Amino acid sequence: MGVIRLGYVHAKVNDLSEATRHYGETLGLQLTDSVDGKSYFKGWDEWDHHSVVLEEGGSGLVKMGFKVSSDEDLDHLENQMAAFGLTVRRVHRKEEHAVGEAVEAILPSGHVMQLYREIEVLGTSVGTVNPDPWPDGLLGIGAPRLDHLLITAEDPALLTRFFTEVLEFNISEKVVPEAGSNQILASWLFRTNTPHDIAIIGGPDAKLHHFAFALDDWKELLRAADVMSKTRTSIDIGPTRHGITRGETIYFFDPSGNRNEVFAGGYITYPDFPCIEWTVEQLGTGIFYHNRELNEAFTSVVS
Amino acid sequence: MGVIRLGYVHAKVNDLSEATRHYGETLGLQLTDSVDGKSYFKGWDEWDHHSVVLEEGGSGLVKMGFKVSSDEDLDHLENQMAAFGLTVRRVHRKEEHAVGEAVEAILPSGHVMQLYREIEVLGTSVGTVNPDPWPDGLLGIGAPRLDHLLITAEDPALLTRFFTEVLEFNISEKVVPEAGSNQILASWLFRTNTPHDIAIIGGPDAKLHHFAFALDDWKELLRAADVMSKTRTSIDIGPTRHGITRGETIYFFDPSGNRNEVFAGGYITYPDFPCIEWTVEQLGTGIFYHNRELNEAFTSVVS
Amino acid sequence: MGVIRLGYVHAKVNDLSEATRHYGETLGLQLTDSVDGKSYFKGWDEWDHHSVVLEEGGSGLVKMGFKVSSDEDLDHLENQMAAFGLTVRRVHRKEEHAVGEAVEAILPSGHVMQLYREIEVLGTSVGTVNPDPWPDGLLGIGAPRLDHLLITAEDPALLTRFFTEVLEFNISEKVVPEAGSNQILASWLFRTNTPHDIAIIGGPDAKLHHFAFALDDWKELLRAADVMSKTRTSIDIGPTRHGITRGETIYFFDPSGNRNEVFAGGYITYPDFPCIEWTVEQLGTGIFYHNRELNEAFTSVVS
Amino acid sequence: MGVIRLGYVHAKVNDLSEATRHYGETLGLQLTDSVDGKSYFKGWDEWDHHSVVLEEGGSGLVKMGFKVSSDEDLDHLENQMAAFGLTVRRVHRKEEHAVGEAVEAILPSGHVMQLYREIEVLGTSVGTVNPDPWPDGLLGIGAPRLDHLLITAEDPALLTRFFTEVLEFNISEKVVPEAGSNQILASWLFRTNTPHDIAIIGGPDAKLHHFAFALDDWKELLRAADVMSKTRTSIDIGPTRHGITRGETIYFFDPSGNRNEVFAGGYITYPDFPCIEWTVEQLGTGIFYHNRELNEAFTSVVS
């Protein structure tokens, strides 16, 4: 079965208490644990112990965790990653808080990835018996779940090859120099039926462009933007629509400068999804469908 | 990889020209072909040749098609279905219009299912190079794609077992006599990350309760209901929300009495989704979350 | 200038504490005062002391209050109402809690109406200096304001004539036996630019059909219906759309059986608005645009 | 009764045929007439002959028309305007196409205003007998009606005084140097129950900042922005929310550089609406609630 989903994003922040205000009160994630200088968060509609891990130390990505279906997947993907030439190691039970045995690899781009099968299960906020569609008492934006992340790499084509060949991701969309070209300048990749679980664009190795939380629809984005204004959260751009993924979006920053996104809409994908190409000269429209041009900050600011 | 998705619903109608007005002009599907007394339709965001096939002869389900990933899947699932005790046959290329070689089985409930890997690809209406998020010129509701179907069976537990054990579907929600019971009275089943690709409730064998088309959000449902009023389409219930799947819904009928649904929202599922239980005494709330009770027609009218 | 708006609805309920849960926690109005067995409520976006007054004694309308622009309006309308043949009396300051001097009349239908110019001003929840678009901490539906009421009368034409001739309301829509008829079977009347501030349908004298609170849009109605389900509020019908007023709606009941509505959308009116006619045979479509037929309860249940 | 509403905006454009594509096909207004080098447009939900008049000659405002209730209003306001010191003249029947006798004044800011009581009535697109809530066949954005305009003046306080004292507008919001100040730097003014029919900000005399069309809700703004992208319409800013008026907005430009807006939401006003103050240091939040800062173009570009 392989990779189920993006399980968690582990990021650095300047200050855990201001980060907790941002992720806990503004985004409305639930703080599920604070252990050894790390704070763990989940969305109300997630059942696993955490989808966001924060520790102090500046900004940027410590690692990303992908959940797999079985122990056999772990063994198999460990071998496949080693065969691809990556440095791979076993992460023993208890080494990663609330997570079982895992496999960790340094990607060709320098990003650290963990694959794991087991994680403590806390359940969603609405439970599994005759549940209501949403829980009372949410704070701020009340984001239900983590959706995807976007990372930068000096060689996006190589990293795309890793995700498709080794982890069996599919490509929903790619940026190419011109229509029909085989050269991949950026890619959006899925294992689920969403437009993307991870995306890769050209940029410095080992850097994080943003990680995103799902919202229900365009109206929730308006409410989210209002909450950001009330809480003096720094908005990068939006609410607007992406050409790529067709999704609706707001980009904004946490207090340490990590870019977040709230994301809604987008099409459904399948393994036979006809891959979409964006030509470089239309990339502005691909990123920001309404304004049809990139803003400076979008391409230059990473963490 | 196995089953990718519900590929098509093949149904009977009284009159193809009035059905074409309903599916083509009111629902806004695209008529892609008319061959040998059958009309083929697809949503604007689907790439395969058809997701709905209609032929004259009353009402009800002729068969349902599920698309699989590979020829190996076809062979494997053919064997698994035979091992489950089903009558299975190969459908040769050209026997099913626009579809490649397929495997057909009579399910324990008497429903006919085809699995196929190959189908003619027509592409979506927005194309794959720098696409707009939606096409101009849609008619009526402009439904982008087929989403799921719900069938009735005298033994829903047996049919659920078939879908989970043989076709490796997961159960998102089930109706049980009481919380914790192992007895399955109805089930919602997924292969994708949607709340359901197919659902099974108790009722007569070989019957169709409804098939559903995805819409973007709750606002699109209002517009759809307005279009139904303008076109004098018979609305069964809605717009409202389901407790089960959390989705927003309108049930309505085609001119031959086949129940259709337009469906939006709902959570995302994964193989590790914690299965939700609805107890029989809360089933009204599960089906219609706002009114909290079943209407007579919902449970008794099938085609 | 004359009548500014529907200022308040004063209704009877069985039990003030359960009514306070309904109006305060489910509808999310703010309890502003409890004096002499009466509870006073306002929406968060209203500035006057109250828009709803409740007292124990069953169900139904005690009186309705309309706010006027000036003391001259009070004098003028007092004379006009007397000239129309109504019994009119002055309500002295302090007689009506938080309200200044008023004029009270018994309408031809037996309903009691107060006109007043002065009322204690509490301000909205967002204030008047650099306000946010909405306040934090709302409960339940969080209705911002009272919108309109609908009353029944044995002679709706006479009552319509009173509102248009004496209080200078305009008619936005009316029900007529057939197109072009002068006979008014029901009317929707406005002083503001909304589709209606009050409406009149045929039925027993002195009865209340419903009073309605404004919500922002169709998405807020979904959320409101969800809150009603969570709080076991009895929904009469909806969410759906009216043909008349074009508004989106949910009808529901307070614990005493008074019908409430949450209402969104609808066109803008002006004094030169071309009056819309609904013929009796299309009245079902006029009331419930999607189902195109009246339900029994809608026409028979009043309080 | 006085002024009913902003009736029409008469503007200059570079080229009538490209302007007709913008106002007719992108905004979706209906071209109702082309006479003597002028094109007349109305929204589908407006009944009067036109709400937009265009003629060639560059860009900017030729004049604005406000509709009044009666011939007595015309006489009365003619006198009042003259008493205020304005140059006023009678516009005779047939001088202004499709409009009856009018009164024209040069405002203190140099803008030209016409007041009129009579205009040819064409009716809305849904008619007045058992109407549907919206018509089929709309083009592009399908804007139902004109909403307001914003003009610049070297002395906004003086122009505000004219609108409030002479035309009896009320002030919904104003910009002040600091809370409680009597100095008016900008004002939003209403005769209807909307947040504004006209607004005035500091800037060059006789200039147009923008004129705006109403849309139903935030979701319609997304669709409008999509249409603008498809038609390569130049977006200034949005979709976003205003702090002032609380409305949702997109600013964009017609091909001649006149700024347009589509506007949804906002509160309801009444003559007793508590006037809102925005202090200069919070003006960015007042104009663009999400970004909390003015963009350069917003304040400097007028036509």
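For clarity, chains are labelled A, B, C and D in written order, and residue numbers in each chain start from 1.
Just so it is clear, a contact is a pair of C-beta atoms (placed from the backbone, for glycine too) under 8 Å apart; a residue touches a chain by one contact, two chains touch by 3 or more.
The UniProt protein names, listed by chain, are A, B, C, D = Metapyrocatechase.
No experiment lies behind these values; they were computed from the predicted model shown.
Any chain that touches subunit B and also touches subunit D is listed here: A, C. Between A-C and B-C, more C-beta contact pairs join the chains of B-C.
In this assembly, the chain whose C-alpha centre lies farthest from subunit B is D.
Between the CA-based centres of subunit C and subunit D the separation comes to 31 Å, rounded to the whole angstrom.
Here the CA centre of subunit B is 44 Å from the CA centre of subunit C.
Subunit A and subunit C have centres, each the mean of its CA atoms, that are 48 Å apart.
Shared interface positions of subunit D, defined as residues touching 2 or more other chains, are 132-133, 217-219, 226, 229, 241, 285, 289.
On the subunit C side of its complex with subunit B, the touching residues are 218-219, 222, 225-226, 228-229, 232, 235, 239-241, 248, 285, 289-292. Of all the residues in subunit A, the ones that touch subunit B in their complex are 1, 4-5, 45, 47, 67, 69, 121, 123-124, 128-133, 144-145, 179, 192-194, 214, 216-219, 241, 243, 246, 265, 267-268, 270-279, 282, 285-286, 289.
In the complex of the two chains, the subunit B residues touching subunit D come out as 132-134, 136, 217, 219, 226, 229-230.
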